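For clarity, chains are labelled A, B, C and D in written order, and residue numbers in each chain start from 1.
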Amino acid sequence: MSWLGLLSQLMAIVMALLLAPLMTGWVNQWRARLQNKSAPSLLQPYLVLHKLFNKESVLAEHASPLFRAAPYIVFGCMLLACAIIPTLSTDLPLSPAADAIALVGLFALARVFISLAAMDVGTAFGTMGARREMLVGFLAEPALLMVLFCASMVSRSTSLTTIVETLAHREFTIYPSFLVTGVAFTMVSLAENARVPVDNPETHLELTMIHESMILEYSGRHLALLEWAASLKLLAYSCIGLALFFPWGIAEANAPLALLLALPVLLAKLAVGGFLLALIETLSAKMRVFRVPEFLGSAFLLAVIGLLVNILLGVS
Amino acid sequence: MIIKLAPQLVNLAATLILMLSFAMISQRRISSLINLFTIQGAALVAASILLGYVTHQPDLYISAALTLALKVIFIPWMLHRVIRKLNVRWDVETLINIPTTMLVGIGLVIFSFSLAWPISRLSHNLAGGSLGIALAVVLLSFMMMITRSKAVPQIIGFLSIENGLVFAAISVTNGMPMIVEFGVALDLLVAVLILGVFMFQIREKIDSLDIHKLEALKED
Amino acid sequence: MYALFFVLAVPLLGAAVLAFTGHRDYARNLNVVFSLSTFLAACWLTAEVISGGPMLVWKQQFFIDPLNVFLVTLTCFVGLTTAIFSRPYMRVEQDLGKMTPPRMRLYHSMYQLFNFTMLLGFTTNNMGIVWVSLEAATLTTLLLVSVYRTAASLEAAWKYFILCGVGIALALFGTVLLYMAAEKVLGPESATLLWTSLNAIKGDLNPSIIAIAFAFLLVGYGTKVGMVPLHSWLPDAHAEGPTPVSAVLSGLLLNMGMYAVLRVKVLTDGALHSVMAGQLMMGFGLLSLVVASFLLSRQKDVKRMFSYSSIEHMGLITFAFGMGGPVANFAGLLHMTVHSLIKSAVFFTVGQATQKAGTQIMSEIRGLIKINPTVGWGLMLSSMAILGMPPFGVFASEFLILTTAMREQPWATPFLLISLGVAFASILIRVLPMVYGETSLKPLAHSPALVPVFVHIGLGLVLGLYIPPYLNGWYVQAALMLGG
Amino acid sequence: MNSLIHPAAWVHLDWVLVVVLAWLVIGVVGVFALRRFRFVATVLFPVSALFSLLLMALALSAAGSAAEVAVLPIGLPQLPFHLRLDSLSSFFLLVIGGVSAGVSAFAAGYFRQGEGTPPGLICLEYHIFLASMTMVLVADDAYAFMVVWETMALSSFFLVISNHRIPEIRNAGFIYMLVAHVGALGILLCFGVLQANTGDYTFANMRAQHLSPLWASIAFVLAVFGFGAKAGILPVHVWLPEAHPAASSPVSALMSGVMLKIALYGLLRVSFDLLQTRIWWWGALLLAIGLATALFGVVFSTVQVEMKRLLAYSSIENIGLMCSGIGLSLLFSAYGMKTLSALALTAALYHVISHAFFKSLLFCSTGAVMHATGERSLGKLGGLMRYVPWVAWPTLIGVLACAGLPPLSGFVGEWLLLQSFLFTTGLPSSFLNMLVPVLAALFALVAALSGYTMVKYFGVIFLGQPREEKLSQAHDAGMWERIGMVWLAAACVLLGLIPNQVIGLIDPVTQLLVSAGLAHSVSANGWLLVPVSIERASYAPAIFLLGVLACFAVAYMLVRQFYHGRTRRVPPWDCGYPWQTARMQDSAEGFGQPIRQIFEFLFRMKRELPSALDAQPRYRVTVEDPLWYWLYLPVARLVERISKLIGLLQQGRIAVYLMYSFVTLIVVLMVVKR
């Protein structure tokens, strides 16, 4: 690994940490605009985080150490995820540590911990949320995995960097399967990031909420970490999507100029992505929880179909 | 001249025995059944003496004597005594009715002749055809055991199977080795004694000699 | 030679003596003494055979070869252990009033006489005497089975006699035909029915006569073996007699019938030069195996159940000998040995259990392990052994039989698989609650005389893991002689 | 064995025999100390744990060394016990040693005085069980194999019914024994095919035989049936969920952790070592069965409400995953793709060893929980984390491993297996190529669902509030129990963190079976696990863990640095409903409910819905295994019917009996006449 590699790795991490809340803010702003509400400021998430960090955190009296450790673990997982996803450059020293499958495992780890933490206090809501979260997870994870598999079949590799390199820097080819898997991926990431139509980050309606009901017992710095982790997750997913479907602009190894160029490109792509997300959220309605399995199941099937298309049309 | 007539005479005895076992099948009255059995035994004795005389085999005389003592004198006497004591005179209800039994019997005779034919052709001693007859007697008596529903006729059937065997032994092979003869006779004697005792006990436990009463032990 | 004399004389003497003193208290011990001395004589005989090889004595009337020497020893051994077992057992029966002094006399003397007939049948060289002794054995066991004089036992005895009597009679007819065939070759001399001389000239015997003779002998002796469908007497007789009698019936008498069938099969194979005999035996064996194992699942009476299992095992043995070939024959002989050991052990424990529970109905026998752990474990282990669980010897023979059948007779293996599975399920599901399960009976006061059980189980275990070389030698030679 | 006199010259095999002997001795001593419970618990079991460690050390040192053979002077005269220790055996010996060390230590603290079998006897059965499993691995001829195999079944059967007062337990034991025995008959017949009429039952001879494809396929199918019955693959899995709850926890830990793997060993031995030919559809068959089993098992385990049943079904699932790995490897090697076949096999074996550890850990935890609370139904547990931390934390590790989460042991196997799925596209048969993505998707689904199950398991037992008052008196695990569980948990972590070393252990096995291995590629780059090439795929659990921990630590310190660490303890928010009790938490049934809905077609459900008017409304739902009704009960009924028919033959009428003899005679005469 070169100095440049180290640099790009650091840049990726720092960029993720700083950019994640901004991304959330951006999405919220656009959603407000599209719904003709007066939009909050772009920096609102930062302020919220600051406020929460200042507050003392209130714990349920019989909360176990697991409950307190969970936010840090989740945060760590998401940060690591952002670190191994090629956002700016494919020259990431950390990325060999975990390939696409391990990335899915990483998300699963975070999910399991937050669910356990939700069950820890033992209020009715926590367990309900945990159950729903696991329900979402056990369908979303395989779907995501299939999407990644589709890409890795094209590039004959499961290592994210290799995937991106092959996709970005081979001569331009259109993979029809990506159309299908793209749709699947969008559905999955909507579900995973607790977005409408699967879940609503704003709501506190008992019957519909998933993510919110899990973090109901959290407050103060723990809540802040969880919020931050959530926005990191959103960023991570968007970056995966961009890396798989619009990989152009991500720098290769030892190309400092490209590295400089990569940041604005990424920002532009994220901006568009965020806007589209807000648009989707505005246009679609929240669905019943019992419908979620069907929604995700179809995503799963789409991903599998994508794989089949891949094989059928012969991967170059 | 008796030497000359010997084969005919033996065959005559054989036919007599066969006829007697048919008679047994058709006979309902138990006491006359016993008498028929006695006559069969007598015919057997005659046949063995004849063969012994013809083939100059003293063994056959001994076996003739055994047969006489057992099957002509002792067993009939005992059976008569038994039925007198238990007064079972009739054996009316047979499983299959008599005419059918006869028909089946004829079938059996044909079967056993066809079975014995190749053998008796290549047997060179004088009573060639009698193996088939012996076989027929055995099968007929067997069938009689099946069809009769009282204990005494069943035993008589068993004994006349024995007759068939002995006839086969003397006629086809000029008598088994002596020791075997004695063994067989001894076994027969004991068997009959035991069965005699049994019949009394069964009578006293189940107060009937109708063997269809003996159906307690079965798969249910 | 003297050894042989003693082997035959002692039980005869015992029968005579016990006929007069059998009702005394010391008679039970006397019974043991006679059986013990018979067993010692048998050991002596065995030693002679090991040192001197096969013997042919007394104007060739008696002979000992690898096929029967171990059977003689086995018979004497099981006879001894059964006598030991019956010592306390029959005392209890007497206390329960099921046995009167005259019956005890009958029982003891008939027991010795039965042993005598068995040994005579095994050691004689004369096919005629084989028949005579089998008939005699039938008669003695007839008296033993009916010794309780209950309606059921009388019925069982009656059926036993009628069916076996007829069967035996057919066997005699077969013997006559055999004699006839032999006479054509040897001429009319007394050596004609000697198995040794028959075996010498079996090639020249007239096939058509021998074929018919074999048919009669198979059906006749097969009745004693308990081949389906000639088996109907067996469950009744085994279930209704006193338990020691059931033990020797299952353990020894069936073996004797099988022995006779084997002798005949050798001659038939020699004369016919065809596999007809083998195929017939395979057919009978499979039929017995399947029918018995399916009937096993319907039993309520414990002794009846285990007598069906005897039929099943005899079927397996018949199938093995029918297959022929060194491996299968070896397996068959081994199975005969182990089966009689284990099955008698089973009956010993069952006897204790039924005596304690006062019934033979399995649903009323519970929690033996609580009543007395020895009885419980005895029943559990012996059942496991009879079900063919290793490391008991039954498994060894079943292993050889199944593996051979898989390549020799693949068509038969489904039947084997199904019936063994069914038999396993049927017995295990009944034994479990009998051994474990809750019981109201109070623990057994005196420790039961189950030394024989564990001796037998131990021997079965040993035979599963180590077969003594000379025994093995006999098996191998006998297997070769049986050919196939 | 020739050098029994001077131990200096002993090879590994001799020492293995020493361990076996020692175990048997310990068992016998236990019988003599039949009721002296204290002695048995605190002396015998720890000692046997030491011997387990010795066995483990032997296995480690024997790995990769040349095969050793020996002949014991017991067995059939023509066929004494042949023993052989090759790398395949030594790998599984490693599993036995490692797991049994932990379990025995746990058992030392577990067994209590009580009803049923006395402790001394349990000790005997337990050690015979261990010894026979070990012997299975070194047996080198059919007879020895079958003898020790059935001994294993027998001893475990007695262990299962050790609390034999209860009829359900006896029934469980019966079902177990029956399936085991029928399976054993299948294996017997399989060996019968393999010996190919030579009458020589040594494995060496079987290796030498070249069977026709038909016979080989018969042998393979018989082997799959026989060993599958022991391993618990569909549809012969029914004994597993019955037997595991019946047995005491250390026993079910051994059965689930080790014995199932022994069955897989047998499958590997036959299909890769003894059978010379390989046909592609064998692999496809095994793959299909494996995935079906896995899906079935995991779906059922999500809806279970009884701790051990849940784990039992999860064992079925994992066995399914291993079988699919083996099947994949067969598929590859049938097409001569050595490396890929080695990859799949490595994945399967990796899963074997990791499952052995985490599943036995979980079973031990159920035992500890049952001791602490006397409860075995999830619905009555909860909130134990505060009362029994020594049980909870190791269990958490086991749960994470079982859920297949990085960086623990369970993930590595699944990762490797997914890799081998990915590379399946090279197969010559297009049909298989199309099939593989679907199978991979199924696999991913199973893996995700196992996460669901494990969250349910841990969450309902240890988290939340105690659903019963008495739970607050729960006492923590004793010393020996702690030792055992910590050992097993440590193994889970270690197996997760050093995959390369473990693969180094597996390599000789794959070399032996498919004559290829991953060792050269993984040993190339230190901490990175690289099955094929760095471009293709790589995974570094250690760095992974470090990354997460680093983020954790940095975040923690920064928060403390810039802000504060103040916390306040208050009662949890009652959602505006002050009267709620602990019983109102989400129940185990509730947690499984979504899966019940989605996979409704798999279950046979009985619902009792309360009507609006019930005084005490009660909602109950029971989920049953449909295979009972589709397969087993019909078979039982069939047997019943047949035996009824046959019973009609014997109605006690003597004339009819005579008729049988008569007809038989006539028929036989006709047969011989022609």
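A few remarks follow.
Here is the rule we use: a contact is a pair of C-beta atoms (placed from the backbone, for glycine too) under 8 Å apart; a residue touches a chain by one contact, two chains touch by 3 or more.
Model, not experiment: these values are computed from the prediction.
Connectivity note: excluding chain C, the chains that remain are still joined by touching into one piece. Ranking B-C and A-D by contacting C-beta pairs places A-D first. For this pair, chain A with chain B, the centres built from the Cα atoms lie 101 Å apart. Between chain B and chain C the centroid-to-centroid distance comes to 31 Å (mean Cα coordinates, whole Å). With each centre defined as the average position of its C-alpha atoms, the distance from chain A to chain D rounds to 36 Å.
Centre-to-centre separation of chain C and chain D, using mean CA positions: 44 Å. For chain C, the set of residues that touch two or more other chains comprises 158-159, 162, 166, 170, 212, 295, 298.
Contact with two or more other chains is made by no residue of chain A. Contact of a single residue of chain B with at least two other chains is seen at positions 115, 142, 145, 211, 214, 216-217, 219. Taken together, the chains touch in the following pairs: A-D, B-C, B-D, C-D. Across the complex, chain D is touched by residues 95, 111, 115, 139, 142-143, 145-147, 149, 211-212, 214-220 of chain B.
Across the complex, chain C is touched by residues 73-77, 142-143, 146-148, 150-151, 154, 161, 164-165, 167, 170, 173-174, 177-178, 181-182, 185-186, 188-189, 191-193, 195-197, 199, 201, 639-640, 642-644, 646-647, 649-650, 654, 657-658, 660-661, 664-665, 668-669, 671-673 of chain D. Across the interface of their complex, chain D is touched by residues 158-159, 162-163, 166-167, 170, 211-212, 214-216, 218-219, 223, 229-230, 232-233, 276, 280, 291, 294-295, 297-298, 326-327, 369, 384, 387, 389-391, 395-396, 399-400, 402-408, 413, 417, 420-422, 424-425, 428-429, 432-433, 436-438, 464-467, 469, 472 of chain C.
Listing the residues of chain C that touch chain B in their complex gives 126, 128-129, 131-132, 135-136, 139, 142-143, 146, 149-152, 154-159, 161-162, 165-166, 169-170, 172-173, 175-177, 179-180, 183-184, 188, 190, 192-193, 206, 208-209, 212, 235-236, 239-240, 295, 298.
Across the complex, chain A meets chain D through its residues 53-54, 56-64, 66, 68-69, 72-73, 75-77, 79-80, 83, 94, 96-99, 101-102, 105-106, 108-109, 111-112, 115-116, 119-128, 130-132, 134-135, 137-139, 141-142, 145-146, 149, 152-153, 156-159, 162, 206, 216-217, 220-221, 225, 290, 293, 300, 303-304, 307-308, 311-312, 315.
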